Amino acid sequence: MHNIQSIKVSNKRLTEEEFLKIRKEEVLPMWETGKEIENLDQCVEYAKQMPESKNMALQLVKAKEEKRFIAISHFGRATVDFMTEGIEYTEGNTGADAGNHNWFIEGDTYTRKCKYTEAAKGLERSKKDGVSYLNGWPVVCYGVKEARRLNETAKSPLSYNGSDEDARLATEIILAGGWTGTSAHALENGIAHTKDVPLENLIRYTQYKARLAAYYTERGVPINVQNGCPGTGYDSNGYTSFAVVSESLLDAEQGVKYEHLVLPPSLNMIQDIAAMRVTERLAAEYCHKAGYKDIHFICGAYPYIGPWPQDSHAAGAMICQNAISCILGNITGFLLKSIEEAWGLPTKEGVATSLHYVFQLLRVMGTQRMPESKELEIEEKMLELEVRSLMERVLDLGDGDIAKGLCMGVEMGLVDTMVTPWKYNKGNVLNIRDAEGCTRYLEKGNLPLPEEVVEFHRQKIAEREKREKRKADIKMVIDDMTFVSRA
Amino acid sequence: MHNIQSIKVSNKRLTEEEFLKIRKEEVLPMWETGKEIENLDQCVEYAKQMPESKNMALQLVKAKEEKRFIAISHFGRATVDFMTEGIEYTEGNTGADAGNHNWFIEGDTYTRKCKYTEAAKGLERSKKDGVSYLNGWPVVCYGVKEARRLNETAKSPLSYNGSDEDARLATEIILAGGWTGTSAHALENGIAHTKDVPLENLIRYTQYKARLAAYYTERGVPINVQNGCPGTGYDSNGYTSFAVVSESLLDAEQGVKYEHLVLPPSLNMIQDIAAMRVTERLAAEYCHKAGYKDIHFICGAYPYIGPWPQDSHAAGAMICQNAISCILGNITGFLLKSIEEAWGLPTKEGVATSLHYVFQLLRVMGTQRMPESKELEIEEKMLELEVRSLMERVLDLGDGDIAKGLCMGVEMGLVDTMVTPWKYNKGNVLNIRDAEGCTRYLEKGNLPLPEEVVEFHRQKIAEREKREKRKADIKMVIDDMTFVSRA
Amino acid sequence: MENSDGVQTKKTVVIGTIGSDAHVAGSWILKRSFQDAGFNVVFLGAMVSQKEFINAAIETGADAILVSSMYGMGILDCEGFRKKCTESGLKDILLYVGGMLAAPMELAKNWNKIEEKMKSEGFDRVYAPRTLPEVCIEDLKKDLKIS
Amino acid sequence: MENSDGVQTKKTVVIGTIGSDAHVAGSWILKRSFQDAGFNVVFLGAMVSQKEFINAAIETGADAILVSSMYGMGILDCEGFRKKCTESGLKDILLYVGGMLAAPMELAKNWNKIEEKMKSEGFDRVYAPRTLPEVCIEDLKKDLKIS
């Protein structure tokens, strides 16, 4: 069992010297395209020429102030042509531009796991066969020149999905490419993407990416950092909210000034809106208490992360449900999957289709909001009790250092979720839905849940058992994992 | 100017004798297919053989009790093959059956205006060219045999959209055909479908159809009567709610026991849910006060009645928005348009697509409801003030007789809407949207609006003027008429 | 509005929705646009028979008749309209038709077939749904040789 | 479970998600289903290399290896797997593969091309996404000639 002394990582800002040393010795040498961006200040100079209108951080802040929304499209396959064609097709056919949209470009999994040789082999085969053998765009193989080309092609800002093991080099390249958004989420990379990478390493990589984003921001290129936790599609709202609140402190310490707090939907609109409010409130509170006073927090949401229906219109219904929930919840920047989710990687037609759905909903109900209510109040109260209790325990475990606390928390099963390839996750938790589809704990494992929350979840599960006249058991848990996809 | 004595129609139940006399002398002789159903009791006997599971009235009551929903598909073109193929295709591909769906079959406009010769000519040309020149299914030309064939083809119950001038013969034929739902809305037929047919006549036709439905119901075949007001797509929520509340008394007096109260959406979810609650509450209250104690009131909604976007996915977003509003509002039986709405009459593929959207939404959020809130309370209060004030004035004008009161009310511009071909409608009202898309009065004409309502609407319009920094004028009124369709 | 030799002449147009068609929003907006553009508009509302169009045109000496059809049976309702106009002495009156002219989506999707059909019926111009009134106003000015 | 001459023999299967693929929900459910069906399951979780599959099969004397691939690079990850099994002495072990085996939707949509590719790589059976575990359990019992 770890004790706190044996945990090397800590929530301390990387000094410029430490940062540049890791950059020079660890990050850039990982692949030859690292050489093209050795001069960091030159990269920042290039990025400074990008028009402010195409800056994702400023775009999101402005949208929040004007109560507007920004739709964010996932997109990524192996070849550059596929990417440029897709960007031009979508922006040409949907009215998507820097005022209402930005791109969340997916790197392939080999690249995300720094297996650049496999990525390069997959890229060659893809070019040769004209078919994408990679499940994303191998940004590190391409290097800064192609990253700049993509950015110049697009009217909307570009950001990079670096979730998975270690996206430090990829992030260096895309920011040098003029992109203005990246992602930095440690717990997510553990529970959703890795098997045996310790949380310490994941936090270290995250700190580096956050410091790099802050480096650009401090020199006049505001960078939006997606502090999110899409999770596995089978997590509780409590878990994902906690991940984002806790990691807001990690990013704040590295000097990040634009944090996009992004949560996955349970699909119960009241619980999802409650989770967003609690996450925004506690992130701001804990950061403020820790002395970080000038951070822009922007609300955000992922599309449903669990399995999708194969029928394209049933998938369209999911896109509309997700978007309406964000409109009613005033969630400024929300991400979109495509109707091909149950089939494969998004095509340009799929991306455009999602935007047709969303822009129509914004036109007809973009100014409607979910009113205050008793139900919303209760969900907020229960989630706040849960997240606050876990925050206090974890901060306590780390003697006030959230990085150390998180490592201890995972090891003691306090920070725990149900389905994950990550060997460090205890997995003593069973998540189940209540009668209205809210996420509840059938088994709470070692989670430090206040009694009131445990009782509330028990009652809510009992309501479902009564309504459906069947016991809440592992079979119901498994049904809940795939109920959305059973069209 | 009418005075009450000169109005012949009154809210009095047709005696069996009067009813059978009109049936024999006025209704059945309108076309030769009337001869096939002369023996009414034989028709009832046939209808009694239909399985109870396929009875629309009982289906809706059961769904309401079990907090489930029934999706209702518009469908109708000239040929029988088109109809049977469409019914089988849809029920075969979407899981639609008597447990979750029913059909709202559209008659063509010639048939609805009793121009059976034109309808027959249009039918012949349609059969010859294999193209539907008619905008609906000419039920009267076909007669009871084909009506029965359609009903036997379908797993889901069938009902007939008889809105327009005089659907008495058509309704006789479909009920004899075993269908278990019809529509009976007088004001709707005025403002939306006719030019110079006095309200008196429209009320008379409605009373006949209601009495016929009650006749079947009293003899063991419950018939669902759609007491709805889709209106013109440009009406206020107050107008359409009033139309349904007032006409609930007309249907109740004729002995209708199953009233489906159906309202068009403004697309503001709070106002639409408020309108449904006020309509159900006041219909039950006024009917109860008038001594009708045993009527099943079922909540219902039309899809958006104004102009739709041409893009099929933008249209899909409309279908999802309408359905989510109904789920949150616990609106049991809601009607669906198809994604072809901006193009032409629904195809079978279009109908199936709508059901794919809706059944997925029911699967993932079918148990979620809109919580109580201050905003919902205010909208309910304002709508109740408006509808109650108009009900009291109209009942007063008719000395307690709603039929006479309605005729006087229209003539005096108390019952008035903005855009209609109906020459009896004064048209002094201008409807406009507020900043959240709720329907408000820019000009109230002669509507007997309580001061509090007038002030509330004025304030809400002022909020929009402030937010959009432009004056609320006729130009904004016209923009609001087509904003939904401007994809 | 002036014709080519600058003489002030207020042109008159008859506007309405033909047959048993109750759709009036489209022609209501057409009416307002043509009035704002300085035309004298004779608005017949909806459910206007061919005869009513013709009588109104004769009574007001109209220069053009604008027929709207939305409910899907435009082909049936418009047949023989030019012939009737000519028989009633409205030999060279301009006839425009527009809206959702054909019930089945197939026809709406291959618009050219509808346009041909309407042109063969003697309509001078045929407008697809959603055509903005301004487009029609410019065409009419051209056809009437006025600015 | 009994084989054809009724002798009680617990069969062993190795289950996991191959390559750098983190998707585990599918194989997690596969594991539970095979356990419930009386199989002895060696569950390797996700991100399992070909070597780890082979070592586990050798250590536990497995009768079959069930490979899941979801993240889209299944074709690259599965190449040469049968060859490596044979080289490691697992000559006639049953190899099944299933899940979302190919990144681009085109490939997912023409499933037969993927099936051919995987069969040519030596997989005995290839399962499309969404295949219910029960289907695979019946196939395996047939291939292992047990009831």
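Note that the chains take the letters A, B, C and D in the order they are written out, and that residue 1 is the start of every chain.
Everything that follows uses one rule, which is that a contact is a pair of C-beta atoms (placed from the backbone, for glycine too) under 8 Å apart; a residue touches a chain by one contact, two chains touch by 3 or more.
Given the structure is predicted, the values throughout are model-derived calculations rather than measurements.
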**Item:** Rounded Å distance, chain A centre to chain D centre (Cα mean)
**Value:** 31
**Message:** Roughly how far is chain C from chain D, centre to centre by C-alpha average, rounded to an integer in Å?
**Reply:** 69
**Request:** Would you kindly tell me how far, in whole Å, the mean C-alpha position of chain D lies from that of chain B?
**Result:** 56
**Prompt:** Think of each chain as a node with edges to the chains it touches; is that a line, ring, star, complete or other?
**Reply:** line
**Request:** Throw together a list of every chain pair that touches.
**Result:** A-B, A-D, B-C
**Item:** Complex contact set, residues of chain A against chain D
**Value:** 77, 108-110, 113, 115, 118, 121-122, 125, 131-135, 164, 192-195, 232-234, 307, 310, 340, 342-345, 347, 419-421, 423, 474, 478, 481, 485
**Item:** chain A contact footprint on chain B (complex, rising order)
**Value:** 267-270, 309, 311, 313-314, 316-318, 320-321, 324, 328, 353, 356-361, 363-365, 367-369, 371-376, 435-437, 483-484, 486-487
**Request:** Flag every residue of chain D that touches chain A in the complex, lowest number first.
**Result:** 17, 20-25, 28-29, 32, 45-47, 71-73, 75-76, 100, 102-109, 129-130
